[in-house]
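Next, two complexes with subunit A in common: one pairs it with subunit B, the other with subunit C.
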Partner chain A sequence: MSPTPEELEFFAGQEELEIMPRFDCPTMWLISGDLGPFKAGIPNKVPLWIALHLRAQNKCKIIPPPWLSKAYLEQLKELEIKSPLFTKMPSEHYMAMAKMIFEVCPQDIPDADCVKLLIKDIWDSRMSKLRTAVLTFIDKGASWAKVDNLTQLEMCSIRPFFTHSLEQLHRFRKTIQVARLYSAGNSSEEVRRRLRM
Partner chain B sequence: MLVDHYRRDFMERIVGHRVIIITNQDVDAVCTVKILTSLFKTEGVQYIMLSCCGVSDMKAKYDEYSSQSDRYIMVNCGATIDLMDTLGDPPKEKLFFILDYHRPINVLNYYNATGQVLIVSAPEPDERIPEFDQIFREEPPDSSDEEDEDMDDDDEELDENGMNERMRVKAERRIQRQMYMTWVKKRERLLFDYREHSYYSRPSALYGLEIAWVMSRDDMESIWCTIISLTDSLVLGRLPRAKYSEYASTVNDHILRISNAEKLPRDCLKIRFERDLYLFLYRHWSIYESIKSTPYMVSMLRTWSLDGLRKLNQMLAYLGLPLSEVKQKYANMSLDLRRQLVEMFSSGTVVENYKLPDVIFGSFVGEIGYRPKFNALDVQLATLAVLEEPDPNKSNEEKFLNAVQCLNVRDVQYCKYGIEKAKVMLKQLNSQIQMMVEMKQVQEIGPFLFVQLTDSMIDYNYFKRPTTIPLLANFLQHAGIRSGKRKWRQSPWLIMIPYNQEYFVAVGLQPGAFEQVDKNIFPEVFRCIKAKMPDDVVADNFDNWAILVKTHKRQAFADLLLALSE
Partner chain C sequence: MSSKELKKSFSPRYFALEDILASQTRVPCRTEVAMTNCGFLDPSQETKDLAAGTQVEIPIWAARVLSKQKRALISLKMPKFYGECYGEVLTAEPAVVDLNKMGPYYYQSALQLCALPSDQAEKIAEVLPDILQKRVIAMADSYCLHRNVKSTDEVSNPLGNILKFHHVDPLEMQIFTDSKNASEELDDWLRF
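And then the complex of A and B:
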């Protein structure tokens, strides 16, 4: 079963992010790792889910990751649109991370409206490339393909449809094969033997 | 005792304890509670919130929950009464923080000896609270009886010097006693003058915002709550316009501080301070209906009469607003007219010819994303209507919680509901005034102007508590003066509003209370009357210019009032 977008957001929450805490706290030892000592005003790296939790309580300020800026994303968008293949994304979970940060604290990101638009543009162009790739795959009737630099969310968005439709295509092909074998005058046992191979 | 330093004296004593918040039921308390509870949520402070409608209710709730906590925050209740005495002398560990805009502050709260009562809403410099020495002093030892006994016992030891010595000591003590009696008389006079006038000061939500600011937890939502509270004080006549403008500019500074130089993204709450029309709910109604429902406009233009309506139509024509446009819903009006409205109404001709200087006022408008803008005045009226909703199925606490929901900027469902209720409330208000003017219900009794509202077709359920009574009372006064004689301006008013089967609400207003905010002497007067008729008068509210009188004792009440006024 394919992970749902909510589950993928959960995985994205484990990516590291820099924050500027507004409070002091000694080291906390959690099951999934240590949370280093916090000192107000000194930046610290923490997982995304902790960063957002603290931000929602107004206890820290989020320092946006370097790729979540207007200039970088504009360059990335240019590259993406020009290249026929997929370009490498700055983070495996760029879409989920951006969405979660914008939900909680859009005011921490400079030019938040432009950044949102750019991310959406990049996503749209990648999805359209993916769809044409899938179409080509089915048209050619190929049995395998290699794609680089796809992120989890994009893969999981087409996985249910893709696997299901390929399965249907396979069943059609098998039916055609059976019909041909029968019409060539083979007995049912012969057909079954051939198909079982 | 005053709280000077919010973090040291207030927050540090609260964090780590469970807190009980006891509030009065008015819009300012709703706003303050919202700010404080969001602050407590981020700080991890557990709280219990109790809203009460009077002194006895407060005492009952305190008794019920007193075992649960040691820290109490009293919002808009308790400054004017002797808190320790009313709550039955609570033990030393219990601390009470008072955030109240009622004045005068009871001197026993201010000079509390046990250190249990801490006043967060500090008195302004022009509120002259009597000095400690002028109120509290040790009584000198009693001179007469002891001395006589001493004299009898020591009869044997009498000699000349001893006798003179004792006489001198006795004379000294007599002088001391006399000085003490004069001091007592002066003290009585001082306290009488101090307690005579009741008025309101800075809304509690402003203090709430300052506390949040000191803890660096303020955000746009808290500022929005403060704005609603300020607007409420303006609409219900608790603050004069000058003070409102002063506080509004303070709030504006806060807004500028938070939104600073960078442009906020679309999705965040943005608040602007701009000039706007003082017409109730005009964005959710048509301009015409709104003018006919705003007390200020109705009274100045006298739209209860045909003549007034004609004047209104004339004014609208003069401003260039076609009647067909003005009677449509605001959202359907043409865009150019909508944009020019503020300019039109602030033009010199309107101000002079029709004498409407106060139609324009500085107001706050908020917007989120691409949703429709919302005005502070509309949200305040909606919250007021939800708080006072005459639904017998809902308890007061439930209405309070619904009102807190109204302040939510992202989920406007309660606000819309409140606006519909507010429209109903304003219509009731209007029909009441119409009836009063047409049937000439204003009577002159002695130095007072007396209005008795009868329980006919009109639903009084909106106007039962001091939360909304000022709307009705000020409107009545203004309309009465505009429809009656000129000399009525100088008289105080007494209004009787039906409350339920047994009681009427007696409301006392100073002359000219509708146009300038003045100190009200009626709470003291009513207190004296209550002392004389203890069974028939119930003075349970925190705003004591409105008290309950038994229905059949109304005449006796009015007679006593007349007698006292002489």
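And then the complex of A and C:
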């Protein structure tokens, strides 16, 4: 059906991240791809889940991605607050990645508290825009809308409410058609036949 | 109804419990022909037979069968709660109306009523989406509030200020609880 936050966290783990390994290791051939040869002190790109796994065992140091810094996020927050639409996020899974990195190694990120606060602010501003958009959509009874730059996790938050209420509204609107056919004197077999067409 | 069933029940399903219960709503009708041995349908009457022209209240599932066009044994009227004056109240201010008072399954019964051959069926059907729309908007803000944070209005009313908890039809309740659960799940996951 629809992905839960845990599943989205799993997908986010596949994003690439730079690490500084503290150990030496030749190439590892894994099913989903190869992990290039590790040499202590030379930065290397690996998927997020591997990076966090190694970090938890203290075998590497995480180099935060360029967007996870105070300056960049401040700029992004300005843009987000000013614009009535959604701005493009640095990564599809910015929230999930930030959460996972903060869980394992907040000390690797400079100004960790500021960064956390900035991400929260960006998240809140996007969520409030999303909520007003959903309300306007239901209010106007619109049938479609185009929205750019929404991430999966934000969509997760409105999902059961939005889809269920729209489904039920659609079901009621369909019943108007049914009622019209019935009151015109058609029998139920006729109605069923006509609706199937 | 679990949320999966809510998704699937696009049209009334024969075995869905909610549909069966909703079709229990009584419809006032008038018998057109005399029906022998049907006196039990009208509990106030003592006679064994029903004369033509008596007013009885029978459930929707029975009315549906008895009012088939080819051999209309009864003529139907819409129940009181779906009539004119209630319809006006509902179009004016849907969010404050107590839908539970109007029968245990307001929306589902209304959907079934629309399938009966009657002139007012269309009017009822047209009003329904607007009622649901306005009430859904009224509950839209409150489902995502965190469970520990409650405004003073909400202490006894998790649905926010306008839409009262006890006034809510089971269909809306299902939408509300599903969204609340999903939103709490997300909040729990987001703690960092």
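Just a few scattered comments:
Convention: the second predicted complex is superposed on the first by the 173 of 197 C-alpha atoms of A that agree within 3 Å, B and C clash if a C-alpha of one lies under 4 Å from a C-alpha of the other, contacts with A are read in each partner's own complex, and residues count from 1 in each chain.
One rule holds in what follows: a contact is a pair of C-beta atoms (placed from the backbone, for glycine too) under 8 Å apart; a residue touches a chain by one contact, two chains touch by 3 or more.
Bear in mind the structure is a predicted one, so any value in this text is a computation, not a measurement.
Counted by residues of subunit A touched, the larger count belongs to C, out of subunit B and subunit C.
By the touch criterion stated above, A:P160 is placed in contact with subunit C alone, subunit B being left untouched. Once the two complexes are laid over each other on the shared chain, residue contacts for A:Q57 go to subunit B alone; subunit C is not touched.
Once the two complexes are laid over each other on the shared chain, residue contacts for A:V178 go to subunit C alone; subunit B is not touched. In the superposed model, A:P110 makes contact with subunit B only, not with subunit C.
Using the contact criterion defined above for the overlaid structures, shared-chain residue A:G36 touches neither subunit B nor subunit C, since it reaches no partner.
By the touch criterion stated above, A:P90 is placed in contact with neither subunit B nor subunit C. Contacts of A:R22 after superposition on the shared chain: subunit B is touched, whereas subunit C is not.
For the contact definition in use here, the residues of subunit A common to its subunit B contact set and its subunit C contact set are 102, 116. By the touch criterion stated above, subunit A contacts subunit B in their complex at residues 22, 57-59, 102, 106-107, 109-110, 112-113, 116.
For subunit C in complex with subunit A, the touching residues are 3-4, 6-7, 10-11, 68-70, 107, 111, 114-119, 121-122, 124-126, 128-129, 132-133, 136-137, 140-141, 143-144, 171, 174-175, 178-179, 181-183, 185-186, 189-190, 192. Listed in rising order, the residues of subunit A touching subunit C in the complex are 1, 4-6, 9, 95, 98-99, 102-103, 116, 131, 134-135, 138-139, 141, 153, 156-157, 159-161, 163-165, 167-169, 171-176, 178-180, 182-183, 185, 187-188, 191. Within the complex, the subunit B residues that touch subunit A are 41-42, 216-217, 219, 262, 264-268.
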